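Labels A, B and C are assigned to the chains in the order they are written; within every chain, residues are numbered from 1.
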Amino acid sequence: MEGFLTTVEMTFLGLAGGFALGILSALGDVYGTKLMKVVIAGYVEFFRGSPLIVQLLFFYFSIPALTGLNWDAFTAGAVTLMLNSGAYQKGYFKGAIEAVFKDQLMAAKSLGMTFRQTLRYVVLPQALRIVIPPWTNEYISLGLSTSALIVLGIRELTNISKSIAAQTFRPLEVYLFASAIYFIWITVSMKIFDWIYEKVKIPGLEVNI
Amino acid sequence: MGEVVLACEGLKKRYGGLWVLKGIDFEIEKGQTKVIIGPSGSGKSTFLRLMGLLEPPTEGKIYFEGKDVYGSGLDLNMIRAKIGFVFQEPSLFRHLTALGNVKLGPKVVLKMKDDEAERKALEALKTVRLEEWSHHYPAQLSGGQQQRVGIARALAMDPDIILFDEPTASLDIELTWEVIDVMKDLARRGVTMLVVTHELGFAKEVADEILFMDDGRIIESGPPEELLKNPKTPRAREFLRRLIGGV
Amino acid sequence: MFTLENFLFLLQGVPNTLAISFLSFALGFALGIPTAIVKQFSPYGLGYVADAYISIMRGIPVLVIMLLFHFGMAGIIPMFKSAFLSATFALGLRSGAFQSQIFRGAINSVGRQQMMAATSLGMNRWQAFRYVILPQAFIVALPGLGSEIALLIKDSSYAFVLGVLELTKYSDIVRKATRSFLYPYLIAAILYILITFPVANYLDRLGSRLKTKYGLR
């Protein structure tokens, strides 16, 4: 059970960090300089093109080697999840910003809004709403990929199940039970997200996520 | 006179709570061309889809060559194969060339051998004057050409009747002519045709009868000269006045 | 130090990574099309079975399925004594669910009018599906299938946890042997990118090209 809590905790850490990184890099990609765009493209390609497991191992081992900094598996895992999720979330945000951007920017300009005001009051509120469905998918896929944290020895649900399976010699029951927990968790969360989406769909209301 | 190819009796159709067809009696004989006109929403397309066995009626009977289509356990697909259908919307199979489109029915439904189906298809494409376009994909053809391939696709099945649902409604005027010319040819060659169209020139030249539909019923019918010049019902008079005046 | 020799050693993991990915893709394809068809026609009310299969595969980590197969079911199904086959079947099973979703979307995008045109020629539902709907759906599905292959190549790395000697496992071996903490994983990551990118990109471009050619959306 404590394993499940770690799983959920990691998912939310990854999502939250990825959310910030995703928005920033989406904005950077749409409005930034050439150099920023190249850096962001490289960032996204690295994290979307390679497996999460390899990324986890890479960061966990290379950062101490490079900087002399010692970090524990939990921090390494959380940071990697954030970076990974940010790369995916960037795509959703960019799509959403562009979708809103095209029709709305002119209208905002004609009202005499500054760039920041336009972003704050026009682009983002709409973009955030558009982004909820893909964001639900990201939540699911990130939630499930936290099982990769097993390679750093983090005691999340999959890892704990593996230990219990080894101790009890009842792997079939243990893994079926773990599957059920994951399944219920994901299904319930999906229902909640759908519900939120229905709520905020009302036009004209600002969304806070 | 000739034998009746397609007929219906007391035909009704309901979508949800809406009666779209409210009782239609109709028949067409071998070699005849009949034209249906009527305002938008009067149920013309629905009537044609029912006669083409693409949807079942809510009430009433449909007869194909004297046999009650839904009443006697017939294989509907075998009858559909004998009733050609040309749609208003582009409905060529987009992954197949013109030839592929025309060939598919004879091959898959009539179980012809490949070369036999191909011969049949080329002949049909020739009838619609498109033999040199046979290797083009629908996306590479104009709207008029696409509709003519659609006609060839129906022809290649050797149908006993072809139903046309406003085949030129979404075409530019010049493209309309090329399609209408082909259809006139067919009518003159004795192909049995039931056509929804507002091309009155076509109706005048080749139709044996015009049917005026309004609100789910055929409220007036007669030979073209008569119905077009002296419509008896006020609805038909009003409709024709607008149709001709509007052009 | 990380040497050329280490690099060549690491490359030996690539064949297994490719084998897992492509075999599981093939398995997923073989499962995905029938599942999409079952969902489409729901013969004998079997649509529910397809739904259940899809949502279960969507709700459980593929790693847990691998562990379940390899450690939990090897006694029942001898094939799962092999870590390689457990990983491949777990990925393939999940991919079947994902691919069926891709095909479903593609089938729906082909549209009613095409079905009606096929019916008007006297085709039965199966013929219409086989000769008219499916070929077009397949083209529409290509980009989605490309992403699915890329996903499988990346997720084949979960087989590392079962000890399969694939790319990630090899990079881990190299890291332990050389005590080089930076390069083995970095190079593995780059290799993964080099493998996934061309496949996904090719199918994506092929898809758009064919869609333009055939006027599909």
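We take it that a contact is a pair of C-beta atoms (placed from the backbone, for glycine too) under 8 Å apart; a residue touches a chain by one contact, two chains touch by 3 or more.
Nothing here was measured: the structure is a model prediction, and the numbers come from that model.
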Overall pattern in which the protein chains touch one another (line/ring/star/complete/other): line
Chain pair bearing the highest count of C-beta contacts: A-C
Distance from the mean Cα position of chain C to that of chain B, given in whole angstrom: 45
Geometric centre distance via CA averages, chain C-chain A, whole Å: 22
Separation of mean Cα positions, chain B and chain A [Å, integer]: 55
Complex contacts: residues of chain C adjacent to chain A: 55-56, 58-65, 67-68, 71-73, 75, 150, 154-158, 160-161, 168, 171-172, 175, 181-182, 185-186, 188-190, 192-193, 196-197
List of chain B residues in touch with chain C within their complex: 49, 52, 54, 77-85, 87, 89-95, 104-105, 108-109, 137-139, 153-154, 157
Chain C residues within the chain B interface of the complex: 113-114, 116-124, 127, 131-132, 135-136, 139, 212-216
Residues of chain A defined as touching chain C within the complex: 45-46, 49-55, 57-58, 61-62, 64-66, 140, 144-148, 150-151, 158, 161-162, 165, 171-176, 178-179, 182-183, 185-187
